[in-house]
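Dropping the structures in below, format is structure tokens.
Look at the two complexes coming up: chain A is in both, with chain B in one and chain C in the other.
And then the complex of A and B:
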């Protein structure tokens, strides 16, 4: 192992990624016994230096996929290439990846230093180099001076840092993180998000993390793969995922959404005319000509409210059924005159008492271009 | 209502019966025997407790010390073999599919359903000169001889002129073999309990960090299963040390253990004071071992808490 090749601290910018992806997943399927596969023909490419998130509800196969990268599970079908070489049959201890476990799995019978040094000791790194690298890794996760502590003398956040240092000291090509923030309390979690992003920039390697928390994925990841029942539904950057979801599941899973079922009445010349029961006809710009039944969605914060009929392409009358004040914004639950329910989020950017009351009539509108048309 | 926790009448109602039982049927007889150990035999059934240390002095005779040493050696060897055999068994049960676990655990404790005496006689039936091991060996010998004859090497007597049965009983090896057979479940169960509690992610973390299976076992599994190992060693060693049936039935003249001597004092020799002294020496040693264990484990937890 050459020192400093991808050593801690010599940050490489993620723009400088080579053409070859560090991780290539081709048609990977994993079955546990009979029934639906846990992971179902997944294809993914992760370029070097990316902070990549596997996002999905529990049981969607994201952890199984991560464990296949680590070598703890064997794919039933398909191939995984890490750093250009097929890792089929390669045991976990020979893969150029390291993992931070959800429970951290910090060895309770070893001091912090011994935990971090463990991976170097078992591979025969000389003592002098070992000490230097342990010191460097502990500094990187800001645990300097705590090397002599035992894990039970550390807070949850500190234990996580030990787990991070223990994995990073190995100088892996890819760091795998299984629900890295789920065991921390809410305040610490917020702080740790930014810290993980900065840590990735500092070490310059690829991070792949698993999460069920969409906020975590959106705020941290360069790209996100959304998984559902073993399949990858969409792979995109956070903003693309939120603004242009490709299916009902992704639209619903990422953020809040008003999702209606409608039909395409007419398509052509970059426009669609949609019929949504309870809303009536909507004419929206849309490049692809689609037909038949579609999902029609709009984000609550794109919904605009006014006291008078707006000068918009389409608007509906609705009454406020309920509302909740969140400090920075207010969430309104409206019902249209034709009985359709929808949610709207309005920012409380003006200081002063808000003038929202139940039963008040409002006009609802949004820009036609903010309408999402979902065929799947 | 928390009142019942502090109610004196409730406390005494629950406290008295088990305490009375323990005092009447355990502590009182024990105290009596302890008293006998400082006594002198006067006639056939009469014992005078006169505070003499003569029984203890007699117990320190090299003859008895040798038997004590031999007992410790047998018990230690038994414990060591049980640990070596029991660890793979415990690991196998831990990592077996969950629907197999109850069956495997049941098989582990199945011998307890049969009386020790019957199990020991069964072992004799297996190991004796005209036993199942020798029947099998003899069958193999005959077939080998026949095969050699068939290829024309019959005259060379390569496997011996006659079948010589293995002498497996009535020696020290038979005693240790019997002790291992009897005490193995005592080792497997605490080991399994410790291993089953072990978080699998520790093992995965070790593998992930570059350690092989053997290194993971030595550096992670054994240290984390240490409480189970210590429990297993203690509850194997103590009953093995006090065994008398196994050396009595499987051992030769040279393989008697201290419990055989004690038994003889109480029964055939009718020397209760000397038997009591031997019993208590054994008990003191056991207590000392347990106290040592308690002190070291307290030291360790105090160190961890610091």
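And then the complex of A and C:
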């Protein structure tokens, strides 16, 4: 995982450029017929030069939102501003954005260079300039020398590069990408993540990409909007999203989480006392004084296991119910004597044999500050 | 080979090695082509009657060529076929694209109504056309080729649904993202249609046009009801000739018609094959500079 690369502190260097966001989405709703809207009152601001991800489960409206930016769908309500101007009624061919489609949509009857040149040709860019820009764009995506090939003579990864070059050659202000990596095999996908990030830095424009793969979003994006059933649940930098989710849905969708239901017993002076059935009382640092029923969550890798009772603020006993070996780490599934289940992830930092047995007792603890309190 | 070496039994797909399969195949070919072969062969027969072979001659081709009314019918047929092919290809394509592209009320009934001329018995279509042209008082006695108007219109009306069906089938496999990609890259709706959709449809266009052409060329029933004394087409003329006797002259004319149809079909297939080959062959000289301004 390369999660650390975009830390929370990363936000400062972008502050200077954010005089006006390149994309402003205000209260945008899209309905297809009756029933639940596909996109429901979404507000987003994307500053210039950001690599922004729309993340969410299948059918949550990511593609629909992206298509409204490109001009292929009209919002039922709300307004979209691109580079300061309202784009309502502006056809796709007039918008300063370009899209990389999920199927890549490389024109099958045109050679690679004709594909890349197409956007310049239809807008009347002179032939000499066209050739120069096509050459440049093909170089950018490392397809030099393949200009004469036909799409059916290319691999999936190469076709994607054609789609990228074809969009970038137009020099858009924003590049929209719909699940750009989902059609590639696992190894190539990993490689292309880095390549897309580097490409973004090389061309310096805003990228907005859609994905349902949380690893992809976390490892690539500067900021992520998590969507659920048409609504944006949280917009944050990857580390914030992972460590400080604002609701049960986000906590559960991003990474793995142990989620319990509990109640706030006492609140005040930057501390909460929580009561979780099966765990007992937990005193944790927490800025906002919340009350009532809350979700109490902890990430599996924050859970510590030991054979002896640890010197921690709180700890409890559990037995190993099951475990799964993943090479770099092992996942343990534990159950407390009160029947509460919880998962823990331990890194396999030594080469030694794994000494875990089903039914073995363990002491479980975590730092109070690692506890997530979720009100929604 | 010793007598004990036996050929292995035929595999599941080795149809050619099963006797009954060969027989069926042979019978099919005989039924399909024997009449045509006979027709062609007897056009060269040196006899007034189509019964016994009397030796080779080309005199009936000469006779057919010098038969002015047959020639006129032939010209009429070709003129009508070209005009109606052109019109029904355009109309059929537009109808297919509209049905594929847009959502509108009563789309299902529209589509079904359009396919109606395919299923309505030809005789009914013929009568309907006759009544229709009489009812609206379609002018007769116009100079050539305007006098062919009624027949051409009738031909368009029964052949454009075939084009629409063929093109529609081709469009079903079109990836709409291709059209959107073109629009996204700056193409107007018309440019996207011309540069992306038309190339995709082209095999369907060729097939549809061919279908329209042959349908028009050999239509008898509907034409019979819409033609007048000065607008005889080839099938109608042949019919009137065979009412007296089937002379080798008719055979000769029919053979020429078959030849023309074969040539046109081959040319169309060859053109299609050439585009397909050019598509598959990336180094086929289609470079940015070469084709971009096309």
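FYI, the second predicted complex is superposed on the first by the 359 of 376 C-alpha atoms of A that agree within 3 Å, B and C clash if a C-alpha of one lies under 4 Å from a C-alpha of the other, contacts with A are read in each partner's own complex, and residues count from 1 in each chain.
To be clear about the criterion, a contact is a pair of C-beta atoms (placed from the backbone, for glycine too) under 8 Å apart; a residue touches a chain by one contact, two chains touch by 3 or more.
For clarity, every value in this text was computed on a predicted model and none was experimentally measured.
Enquirer: Clash or fit: chain B against chain C, after overlaying the two structures on chain A?
Expert: Pair status: clash.
Enquirer: After superposition on the shared chain, which partner residues are touched by A:98: those of chain B (first), chain C (second), both, or neither?
Expert: Touch partners of A:98: chain B and chain C.
Enquirer: So which one touches more of the residues on chain A, chain B or chain C?
Expert: Partner with more touched residues of chain A: C.
Enquirer: Just chain B (first), just chain C (second), both, or neither: which does A:130 touch?
Expert: The second partner, chain C, only.
Enquirer: Does chain B (first) or chain C (second) touch A:239, or do both, or does neither?
Expert: neither
Enquirer: Once the shared chain is lined up, is A:107 touching chain B (first), chain C (second), both, or neither of them?
Expert: In the superposition, A:107 touches chain B and chain C alike.
Enquirer: After the superposition on A, what does A:34 contact: first (chain B), second (chain C), both or neither?
Expert: Touch partners of A:34: none, neither chain B nor chain C.
Enquirer: Tell me which partner A:166 touches in the superposition: chain B (first), chain C (second), both or neither.
Expert: Both partners.
Enquirer: Classify the contacts of A:122 with the two partner chains as first (chain B alone), second (chain C alone), both, or neither.
Expert: Touch status of A:122: both partners.
Enquirer: After lining up the shared chain so the two structures overlap, which partner does A:149 touch, if you call chain B first and chain C second: first, second, both or neither?
Expert: second
Enquirer: Shared contact residues on chain A, chain B side and chain C side combined as an intersection?
Expert: 70-72, 91-93, 98-99, 101-103, 105, 107-109, 118-119, 122-123, 150, 152, 166-167, 170
Enquirer: Under the definition above, what is the set of chain C residues touching chain A in their complex?
Expert: Within the complex, chain C contacts chain A at residues 175, 177-178, 180-188, 191, 195-196, 199-200, 279-283, 286-289, 291-293.
Enquirer: Mind listing the chain A positions that touch chain B in their complex?
Expert: 70-72, 91-94, 98-99, 101-103, 105, 107-109, 118-119, 122-123, 150, 152, 166-167, 170
Enquirer: Please give the residue numbers of chain A that touch chain C in the complex, ascending.
Expert: Touching chain C: residues 70-72, 91-93, 98-99, 101-103, 105, 107-111, 113-114, 117-119, 121-123, 127, 130-131, 134, 147-150, 152-153, 163, 166-167, 170 of chain A.
Enquirer: Show me the residue ranges of chain B that touch chain A in the complex, using the header's touch definition.
Expert: Spelled out, the residues of chain B in touch with chain A are 199, 201-202, 204-212, 215, 219-220, 223-224, 304.
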